[in-house]
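Per-chain numbering from 1; labels A, B and C assigned in written order.
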Amino acid sequence: MRDVTTHKKWTLTELTKGLDLTVKGDSDCLIEGVATIQDAGPAQIAFLMNPLYQKFLPKTRAAAVILSPDYAVDCPVTALITTNPYFVYAKIAAYFDDKPKRVSGIHPSAVIGKSCEIAHSVSIGPNCVIGDHVKIDENVVIGPGCVIDEWVEIGAGTEIQANVTLYHRVKVGKNVLIASGTVIGSDGFGLAKQRGKWHKVPQLGTVIIGDDVEIGANCAIDRGAIDNTIIGNGVKLDNLIQVGHNVQIGENTAIAGCVGIAGSANIGKDCMIGGGTGVGGHITITDNVAITGMTAVSKSIRQPGVYSSGVGGVIDNKEWRKASARVHRLEQLIERIKILEEKCRVD
Amino acid sequence: MRDVTTHKKWTLTELTKGLDLTVKGDSDCLIEGVATIQDAGPAQIAFLMNPLYQKFLPKTRAAAVILSPDYAVDCPVTALITTNPYFVYAKIAAYFDDKPKRVSGIHPSAVIGKSCEIAHSVSIGPNCVIGDHVKIDENVVIGPGCVIDEWVEIGAGTEIQANVTLYHRVKVGKNVLIASGTVIGSDGFGLAKQRGKWHKVPQLGTVIIGDDVEIGANCAIDRGAIDNTIIGNGVKLDNLIQVGHNVQIGENTAIAGCVGIAGSANIGKDCMIGGGTGVGGHITITDNVAITGMTAVSKSIRQPGVYSSGVGGVIDNKEWRKASARVHRLEQLIERIKILEEKCRVD
Amino acid sequence: MRDVTTHKKWTLTELTKGLDLTVKGDSDCLIEGVATIQDAGPAQIAFLMNPLYQKFLPKTRAAAVILSPDYAVDCPVTALITTNPYFVYAKIAAYFDDKPKRVSGIHPSAVIGKSCEIAHSVSIGPNCVIGDHVKIDENVVIGPGCVIDEWVEIGAGTEIQANVTLYHRVKVGKNVLIASGTVIGSDGFGLAKQRGKWHKVPQLGTVIIGDDVEIGANCAIDRGAIDNTIIGNGVKLDNLIQVGHNVQIGENTAIAGCVGIAGSANIGKDCMIGGGTGVGGHITITDNVAITGMTAVSKSIRQPGVYSSGVGGVIDNKEWRKASARVHRLEQLIERIKILEEKCRVD
């Protein structure tokens, strides 16, 4: 039998310790895991946040449901009442996370450079390559196959998952999570043209990543040209994101997958950027800006708010062809209106 | 002399064995390779499918051409007549594929965990890292530098190319192909905000990949939050595709490069999604939907058909600036029409 | 003390040797590094190109400023006057590049195949895997964790950074730079449908990369189906770029991040393609074309010029919703104009 799960059990009292919530029901019941409200069984805990799932509440078989005060009356099982059910869920779900634990120590297959400072509690996985003068603080976990070049510094509690590449002099803060395949500190796209040919502009800065940052899989974050590329504390990046040289991203900004940020863009704090968006070079986005998915940000945004570009709405392809043609003939339409306006005036 | 090719030769009879086609001409001629219809020499086989290339048929020097019945009359050389020339070409071309053969066995530099079940015919390349409890079925090939974490299961005949990362508990079906740099099972982008800061929501599901799936290079497929991310049998993904947590992709759906699929999107069977498209979170796309490239799918699609978004057509940048301005002034246009309408009524 | 920098110093005379410029001021001053014009100190050199930064010139504390003749009069410090300040900056900045130097030789942890031809000056990093029959010319540097498959050829002076994957038979020219995570030579997305299922079309070509090419991080360049995918001399690719099978990119074309190029597209020489752009399959783009960011190139471009698609301009989301709705109701607008035109004629 292949038994993946750990089958740890906790009482509700244990799971909710330190959390700001009210338990209405049995605090002693044993919980073995989490599940969706529609699928949860009698040893599982569920949460309700999205109104679309409210319909499943009356018939839920969960041991307990995490929900806001509004939904509490309709809860047929133990209710964990809180103003922020998703946050409470996150804290409780962490008890059931079966992600592999890494043991401290350096795997014998890892290649470690000279003059490194590596704390005792650090875990370095098989086939890692660590360059000279690298400094790795307590409780850092580095997954298999990572390449960490000279003079990199990694703060305490950070986890760098398998097959990540950090170029020389990159600085990573505390409690950062970097997912597999991500590349940090590659050269920015700096090119000078001379007699019809491109010449490389050396990229002399580096990348500075703050504390509590999360970076998804297969991202590419370039080092600065002269100054550094800077990712602020608490920034969250999804997968396949490109961050150009000298970009600055302010604290607690969250960016969804497939976003491309061109060089020297300056993105404020507490922004949310939807997937597939592109931010042009040298553009400034102020704090508290939300940008919907697949927007082309071609000029600076100076006021907080929600922004979009292009024409929204997915439609039938034939209609789309006609609509597109109409947009490109708008000038003729304007001409026809002008003629009408003149006629009407004359009349 | 560097001799890359294998110079194997087959007769047309050998190459067409088991294929549904009619040979018109010499079945015994020896074939050494495939080529385009315009470039093929007298020991090569070509195919004709795209009408744009019909003009090359009368003068082709190929030994034989794979084509549909309509073109057969004009074929000056041996004709392999079939209703599906591209499929027949695919089967014949496989004879000439010189991709490296991997030998069975585990390379001594690979690091293998405890309690793994690895079939005898499996090939594990140099510098792979296989975690504990991994199960790998017959004839699986794992390229160099792959990292396969705990409890992963890989079905028979699957090929995982170099530098791929599979996180813990990912399940891969039979006869799957995963290209280099792809990351499967990284954490979904789950964040709960509390007092202005983002907190990680543990991602407790995994990724289940069906049989006969192909996944291109440098993709990122996230594990589910509670339930799993599911890639159906026969799904084909190109390069640099992001698949968010809890996404489901139905059987035989093909998705081109640079597509981003946000969390909990549910894509049907037999769909085709063009390159650069973005699919929003929690969106449902029914079966048999085609989506043109770079579409923003911002709402569910309930009817089969072809869909697009935005305004199509690439135009001169100056015209584009004018057209864009006109779109943003459409309200004024509508106002002018209203005034005209009132005038005309009054008159 | 962690001392990253090398603290090499050069006189202006040394730094400007061989460059086409005029020094106005002290050629003997010692320079320790480069900095931005606003931040430079008395041992640093700066450059001025972007008019936005002209305001910092009068008060700069730099030892010297590289600038064009127009700005020379206002320069309060030593002026390096040239018609191409950015190019001169690039050449001078190279003196201060502290990127790690790799030592010649093959790291003992690297796995090298049979019948390889590897020049003496080559540097192969830890945990690299080199297949059989690979040919690597003088002064090539291959970073840690790279996987280079059978029959690959790499030209003199090329640098392949950590964790790059080159598939079998890929040919890389001289003085090429390939950043980490990039995959070259993976199978093109070739699929033939037969009885409702996709069948793989073998990808028998390879990828040919010219001299002086730069390829950024986490790109994916597919091998050709029959012929090869070809990247011309001097082409510069940013990060996260997808290049489909059989694509050809002409000399000195520069492509920004997150661009996707579908199969068999043919892009001319000296083009510039903005970030996030998509180029459709089988499309031809002539020489000297510039394409703005996030354009969907859905048809061939036969004339040099600047091109765009869609509707530009990022706007407030509510306005955007209204504008989008208006575009989709354009037909009604046209109808209303028609009615007015008829009325006016009748009147």
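Just so we're on the same page, a residue touches a chain if its C-beta (ideal position, glycine included) is under 8 Å from a C-beta of that chain, and two chains touch if they have at least 3 such contacts.
Please read all numbers here as calculations on a predicted model, not as lab measurements.
Student: Determine whether chain B and chain C, two copies of the same sequence, contact each other through the same residue numbers or different ones, counting it as same when over half of the numbers at the interface appear on both sides.
Tutor: different
Student: Using only Cα atoms, superpose chain A on chain B and state the rotation angle in degrees, rounded to the nearest 5.
Tutor: Angle of the fitting rotation, chain A to chain B: 120 degrees.
Student: With chain centres defined as C-alpha means, what is the inter-centre distance between chain B and chain C in Å?
Tutor: The separation of the two C-alpha centroids amounts to 25 Å.
Student: Mark out which residues of chain A touch at least two other chains, giving numbers and ranges.
Tutor: 109, 127, 145, 163, 181, 218, 240, 258, 276, 310-313, 315, 323, 327, 330, 333, 337, 340, 344, 347
Student: Can you name the residues of chain A that touch chain B in the complex?
Tutor: The contact residues of chain A facing chain B are 2, 4, 33-36, 39, 84, 86-87, 89-91, 93-94, 96-100, 107, 109, 125-127, 143-145, 161-163, 177, 179-181, 212, 214, 216-218, 234, 236, 238-240, 252, 254, 256-258, 270, 275-276, 293-294, 310-318, 320-321, 323-325, 327-328, 330-331, 333-334, 337, 340-341, 344, 347.
Student: Quick one: which bits of chain B touch chain A in the complex? Just the residue numbers, please.
Tutor: Within the complex, chain B contacts chain A at residues 109, 111, 127, 129, 131, 133, 135, 145, 147, 149-151, 163, 165, 167-169, 181-183, 186-187, 189-194, 196-202, 204, 218-220, 222, 226-227, 240, 242, 244, 258, 260, 262, 276, 278, 280, 290-292, 295-299, 301, 305-313, 315, 319, 322-323, 326-327, 330, 333, 336-337, 340, 343-344, 347.
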